[in-house]
Structures are given as C-alpha cells and as structure tokens.
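In what follows, structures are represented as structure tokens.
In what comes next, subunit A is part of two complexes: it sits with subunit B in the first one and with subunit C in the second one.
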Partner chain A sequence: MTQQEALFQYLLRLGDNALILGQRLSEWCGHAPVLEQDIAITNLALDLIGQARNWLTLAGEVEGKGRNEDQLAYLRDARDFHNLLLVEQPNEDWAHTIVRQFLFDQFNYLLHNELQHSTDERVAAIAAKSLKEIKYHLKYSSEWMVRLGDGTEESHNRMQRALDALWRYSSEAFLTDEIDQLMAEAGIGPDLHKLEPLYHQYVAQVLDEATLQPPTDTYMQRGGKQGLHTEFLGYILAEMQFLQRAYPNMQW
Partner chain B sequence: MSREELEKRFQEKIDAEIKIEPKDWMPERYRRNLIRQISQHAHSEVVGMLPEGNWITRAPTLRRKVALLAKVQDEAGHGLYLYSAAETLGISREEMIEQLLSGKAKYSSIFNYPTLTWADIGAIGWLVDGAAIMNQVMLTRTSYGPYARAMVRICKEESFHQRQGYEIMLTLARGTEVQRQMAQDALNRWWWPALMMFGPSDKDSVHTAESMKWKIKRKTNDELRQQFVDVTVPQAEYLGLTIPDPDLKWNEARGHYDFGEIDWEEFWRVVKGNGPCNHLRMKARREAHEKGAWVREAALAYAEKRRQRQQQKAS
Partner chain C sequence: MRKNDANASSKKLADCILASFEQRPFFDQKAIEMNKDWPLWEVFIRAKNGLSHKHAGSLHAADAQMAIENARDVYCRRNEGVSIWVVESKYITASDPEDADALFEPAQDKIYRHPTFYNLPDEVKHI
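Right, the complex of A and B next:
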C-alpha cells in the first residue's frame, strides 16, 4: 500500500466517523426530550456533518479520481465505509445516544488534539478547526453522563444499560492496523497506543463521577475501520443515499 | 381608576402606537387573545419541525442536509422565543405544551400535510415560509412589545429559509424532466394549503375585528392572502411551473391577481383534526414528550443534588 492510498483510507475513516454519527444524531431533530436539547443535539450533528464534508473533500483530492464529498458520501456501499462500529449504533434512547457520544468524543478529542500537529498541513488545518467543536462536544456529553448517571434511579439504570451495551465498541479506535502504522510513521497521524491510556483515564474519571460501573471482561468488537460493519450501516446508507440512488446523475 | 377608564387609556396607547409591555395593564381579553395567538404560533414552529425533519436523513447532498438541519433547528429556536414571549403574559411553557398535547391548543394546519418527495422541502420553504413571512412581517409591528421583538428576530431567519426553499425549487425546475415534474407535483399539492394558512375569509373570522382594534393584527386574512398571491405568481412563472388554479388571472382594474375559491370544506376538515397527518404529528410530539420525561426528571434531580451538596460544603 502506498502512502497516498493509506492516507485516502485514513481520511475516509475520519470523514465517515463524522458523517455517520452526524446522520444518527440528526434523527433526533424534532424528537428530543426538551426543546433546548433538540437544538443542542442538532448543533452536534451540524458540526459533525460539516467536519465530514471537509474530510471527504480532502479524501477525494488525495484519491485523485475526481470524486467530491457527495460522491464519496452517497455512492459508496457499506463495505467501503470506514467508520468505527460505535458511531453506527442506533440512538435507542437519550441514554444510549449520550453514552455513544461520550465514548466517541473522548477518542475524537485526543485524536484531533494530535492531528492538529500533523505533518500534512491540510490535515492539520481541518483538525485544528474541528477541535474547537469537538472540545465542546466532549464537555456536553461528559456533563450529560454525570447528570443522568447521578440523576434518578431510572436514569442511572438506563445509563448503566447503555454503557454495558456500547462498551464492546469502545476500544476499536485503538486497535491499529497497517494504515494507522503508515500514518504514524509519516507523522500524519498519532501513535494511537499512546492515546489509549489517556482515553481510559478520562473515561474512568467521568464514569466514577457519574456513579457508573465500567463493564469488565468485555470482548472488544472490531472491523468498522476495515469496512466490516454491523447490520445497522446498510440501513443508514439505504436511507441517506436514497435520492442519489433512485435518481442517478442529477443536480440537487 | 375604573375599568372603563383603564380600557380607554389602553386603547389610547394602542392608537398612539405605544407598545404594551408585560407589566402594563391590559384587558383580560387582550391577554387571552395574545396567549392563544402566541402559543399557537410557538406550537406551529415546533410541530412544523416534523414534516421537514422527515427529509433530513434523506437530503440529497451534504450541503442540502446541513441547510435543512440548520433550518429545522431555527424553528426550534423560534419556538423557544415564542414560548418565552407568551410566558410574559402569565402562562408557563409546561401549561402551553399540555394544551398542545391534549389537543386544546391549535397549531398551523399546514403541518398536517405530508412531505412525500424532496421537492416538498423546496415547496415548503418557498410557499409555507413565504406565507408565514407575510403574516410575521405584519407582526413585527404588533402592539404587544415582547411579541413584536420576537418577530423581528424570526423574520430575518425566515426570509433566509424562503430563499433557500426557492433555490431548491429552481434547481429542480431547471433539472431533468423527472425533477421538473417532482417540483410541479409539489406545487400542485402545497399551493392551496398555503393559501389556507391565512385563515378563514374575513367574513368568517371570529378574531379579526378585535385583533385589528387592538393592533395585534394590522391586516386582515384576505388582505394578507392577496398580498401572498400577488408576490408568488411571478415567482412561479420564473420557475416555469404552473399554479394549479384555472381561475388565476391578472385583474388590471384591481391591480391584483384574481384567484379561485378555496375549498373551505377541506380547510375546516383539517382544522378539526382530519387532515392527512394530524394524528401522526400529535403522536410524534406526545412520544417525544413522554420518552423525554425521565431525562427531564433526572436533570432536575441532579440539579437539586448539586445544590444540596454545594450548600453542605458552604456550611
């Protein structure tokens, strides 16, 4: 694999994480528990889809086959998506949505904090811009972790159930492959192994404050980064890509 | 001061274009009329999120998706300003939401129609926001201060939404034949409901006379409807689309377009709850409210715990 091919895949991972999570969050719009949170969760969706556009546009440039953000978002099938399994999991309830967000935000924050110093200036620029938004996302999801974990008995139980369900997807980000290694060697991306202890340290701290128990002995699911997804992704794409698939080659 | 004297002074203020503020004396009927109108307006913003929200996950490009998300989010923001404006009249947001969910309070009937294709998102922006703007621009000069000020903010965003909707229609109208048909079909379905948004004809409107006297409204339903038709017909012509009204034609003598009679039977049917989506819209709002109850309770419980802990620390 050339460095250019690796970078293309790496950028798809970044773009697809943001796109698929943004798509999931946008399902809440109009249905959130209270109007203020409807606005807040939509803000997160807007930020993430904005980030996805930047990453996918750059991915298209790096690939050099003339594909733009929309061709990458709307005309790839599930096996060519490279997001983490975590972000494609369903919203279920506000508890699952917050836990999923929190587990992702802390990783995404650490990742972008390093990517802003990438040797690839284009990557560094997008990361620096996104980082401001991601810091806010992390603050938002951390606060909700504590508020609901330490809220009522019902909210606590719901949060613990969500954590137990989603924990198995929490470490995929740190399982490295050839692409991660090539990017780290080139100084484009960080050494993910160094970020992992920081991730767990912060997660443990917030779970403690939220009075939630980190699950133990959980097998960590993997595959999303390489294009092996859960069954949910196909439905996300079927919905998201409907118009482009039903009416090909048109301007919208 | 006698009631007659108070009412006389109140009307003098209105006539002198002095805004009524929350702490000023006002006739009980003025207060009730405003609560009805502002809360109905707030509910319309919130229920109005649903038909357009229906296409967020299916928007055809990422640019369109972001624009639609931001638009629907603006509507949530408008709902918030308006609930706040109504709260200055002595009703809580909880009470208003209760009235919506129990069916006691109304919202704009236009949102009881379904969004079946992507072109409906363009048609709603163009026609529904266009019709809403006619009403809202008038309301920036309404006699109640908090309502007028909320409207100024809302109008700026609404006119942006309307341009966005028109631009979707323009893209479709200039696209392929299939897209042009999609746009025409959306216009066919949304035109008459958009005209109905201005409410019953003046002769049948129960609130108009009093609302005009108190300058809550400054134009009648029929005046606003005519204004909307006059502005919109040339826009449809520019798109190359046909307005579904055989009686529509320019009247040189009046200086306005003449247009056909609205199907009032349909109007009242939808108002009374039998539009294509009334039950679905209410079901969606009720579900969001019920499924969110534990979240709202937990947030309150946590805030209370925190307050107690801080008190303990302080003592």
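Right, the complex of A and C next:
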C-alpha cells in the first residue's frame, strides 16, 4: 500500500466518523426530549457534517480520481465506509445517544488534538478548525453523562444500560492496523497506542463522577475501520443516499 | 356614616394601595415548584465587547450550566454574542402593568429632565 492510498483511507475514516454520527444525530431533529436539546443535538449534527465535508473533499483530492465530497458521501456502499462501529449504533433513547457521543467525543478530541500538529498541513488545518467544535461536544456530552448518571434512579439505570450496551465498541479506535501505522510513521496521524491510556483515564474520571460502573466485559468489537459494519449502517445509507441513488446527479 | 365604619373603610383602602405597591414576582413561585418541567431561565446576550447585555429571550434548563449551553445553542447560533448571562425567571421581579400610571406618567411632562436646554460649545464633541 502506498502512502497516498493509506492517506486516502485514513481521511475516509475521519470523514465517515463525522458523516455517520452527524446523520445519526440528525434523526433527533424534531424528536428530542425538549426543544432546547432538539436544537443543541442538531447543532452537533451540523458541526459533524461540516467536518465530514472538509475531510471528504480532501480525501477526493488525495485519491486523484475526480471524486468530490458528494460522490464520496452518496455513492459508496457500506463495504467502502470506514467509520467506527460505535458511531453507527442506533439512537435508542437519550441515554444511548449521550453515552455514544461521550465515548466518541473523548476519542475524537484526543485524536484532533494530535492531528492539528500533523506534518500534512491540510490535515492540520482541518483538525485545528474542527477541534474547537469537538471541545464543545466533549463538554456537552460529559456534562450530560454526569447529569443523568448521577441523576434519578431511572436516569442512572438507563445510562448504565446504555454504557453496558455500547462499551464493546469503545476501543475499536485504538485497535491499529497497517494504515494507522503508516500514518503514524509519516507523522500525519498520532500513535494511537499513546492516546489509549489517556482515553481510559478521562473516561474513568467522568464515569466515576457520573456514579456509573465501567463494564468489566473487555471483549471489543472491531471491523468498521476496515469496512466490516454492523447491520445498522446499511439502513443509515439507504436513507441518506436515497435521493442521489434514485435521481442521480440531482442538484439542490 | 359612623366613625368605626369610616375607619374600617379607610383602612381597607390603605391596604389596597399598599398591596398595589408591593412588587409582584414575575412568575408565580408555587406554579413553578409544582411544575415537573425544567425551570425557566431568562437569557441576556452581550453582542460585542463594550455593549451591555440585552435580554434575548427565555428557555428551559435543568441547571445553570445547561441554561448557558442552551442559550449558546438557541440564541448564539448566528454569531450574535460574545458573552451570555442567565438568571432563573423566578428571581426577576417585574413592575405591575396596573401601576403604569403612577410609575411612568409623572415623567412625561418633565421635559426639563432631557438635556436639551443647554447650548453646547462647538469644541465639545462626542455628546
């Protein structure tokens, strides 16, 4: 694998994480528990979709086959998506949405914090811009973790249930492969093994404050980064890509 | 009219006047406490440094931190501000519209309170 091919895949991972989680969060639009959170969660969705546009545009340039952000977002099949399994998990209730968001935000923050110093200036620029948004996302989801975890008996139980259900997807980000290694060697991406202890340290702090028990089950699902997804991604794409599939090249 | 009746009557009038001068809470405290919804907060936004905070609207939030974040998402999405204040609506005391006559009308005919009777020297600028 050449460095250019690896970078292309790496950028798809970054773009697809943001795109798929943004699409998931946008499902709350008009359905969130209260009006204010409806606006808050869709703001997060818009931030993420904005980040996805930047990453996918750059991915298209790096690939050099003339594909733009829209073609990459709307005309790839599930097998060619490289997002983490975590971000495609369903919204379920507010607890699942917040736990998923928190587990991802913490990783995403550490990742972008390193990416802003990437040797690739284009990567560094997009990361620095996104980092401000991601900082807010992390603050938002961490506060909700504590508010609901250390809230009522009902909210605590729902949060623990969500945490138990999503935990197996929490470490996929740190299970490295050839692409992660190539990017780390080139100084484009960080050494994920160095970020992992920080991740678990911060997550443990918030869980402790939220009075939630870290699950003891340490089996971790993987595959998303390599294009092997859970059943949920197909349904997301069916909805997200319908228009371009049914009416190719349709313009807004 | 007997003397006692007159006393009682004037006392009643005094009570009415005093009651009308009592400042009323903006929202009924008991209604808020009985409500299971999150409390209401008033939001004040400073548009840019040097300007004062202006009332932007209100929203619901479970605590002060959430109120700030909700205000950021609801009222600062389009670059409206550089600073946010929030205060629970129950802590705001408002004037009674029925007192408007007594509170505001006396100022209407006191035009001499406007600084329009002075001849400003040409050298003085920025006034």
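The rule we apply is simple: the second predicted complex is superposed on the first by the 252 of 252 C-alpha atoms of A that agree within 3 Å, B and C clash if a C-alpha of one lies under 4 Å from a C-alpha of the other, contacts with A are read in each partner's own complex, and residues count from 1 in each chain.
Quick note on the criterion: contacts are C-beta pairs under 8 Å (C-beta built on N, C-alpha and C of every residue); 3 or more make two chains touch, one makes a residue touch a chain.
Just so it is clear, the structure is predicted and the values come from calculations on it, not from any experiment.
> Let me test your reading of the model: by the given contact rule, A:Asn43 touches which partner, first (subunit B), second (subunit C), both or neither?
both
> Let me test your reading of the model: by the given contact rule, A:Ser155 touches which partner, first (subunit B), second (subunit C), both or neither?
Only subunit B is touched by A:Ser155; subunit C is not.
> Contact-wise, after the overlay, does A:Gly66 reach subunit B, subunit C, both or neither (first, second, both, neither)?
The answer is neither, since A:Gly66 touches no partner chain.
> Check whether A:Pro248 is in contact with subunit B, with subunit C, with both or with neither, and answer first, second, both or neither.
Touch status of A:Pro248: no partner.
> On the A-aligned overlay, A:Cys29 touches which partner chain: subunit B = first, subunit C = second, or both, or neither?
Only subunit B; A:Cys29 stays clear of subunit C.
> Of subunit B and subunit C, which one touches more residues of subunit A?
Subunit A has more residues touched by B than by the other partner.
> So, does A:Arg147 touch the first partner subunit B, the second partner subunit C, both, or neither?
both
> Counting contacts the way the document defines them, which residues of subunit A are shared by the two interfaces, the one with subunit B and the one with subunit C?
The overlap between the subunit B and subunit C interfaces on subunit A comprises residues 34-37, 39, 43, 147.
> Hey, which residues of subunit A end up touching subunit B in the complex?
Residue positions touching the partner: 19, 23, 26-27, 29-39, 42-43, 45-46, 49-50, 52-53, 56, 69-70, 73-74, 93-94, 146-148, 150-152, 154-155, 158, 239-240, 242-244, 247, 250-252.
> Considering the complex alone, what residue numbers of subunit A touch subunit C?
Going through subunit A, the ones touching subunit C are 34-37, 39-40, 43, 140, 143, 147.
> What residues of subunit C sit close enough to touch subunit A in their complex?
Touching subunit A: residues 38, 59-63, 65-66, 69-70, 73-74, 77 of subunit C.
> Write out the stretch or stretches of subunit B touching subunit A in their complex.
For subunit B paired with subunit A, touching residues are 46, 49-50, 53, 56-66, 69-70, 72-73, 76-77, 79-80, 83, 118, 168, 171-172, 175-176, 178-179, 284, 287-288, 291-299, 301-302, 305.
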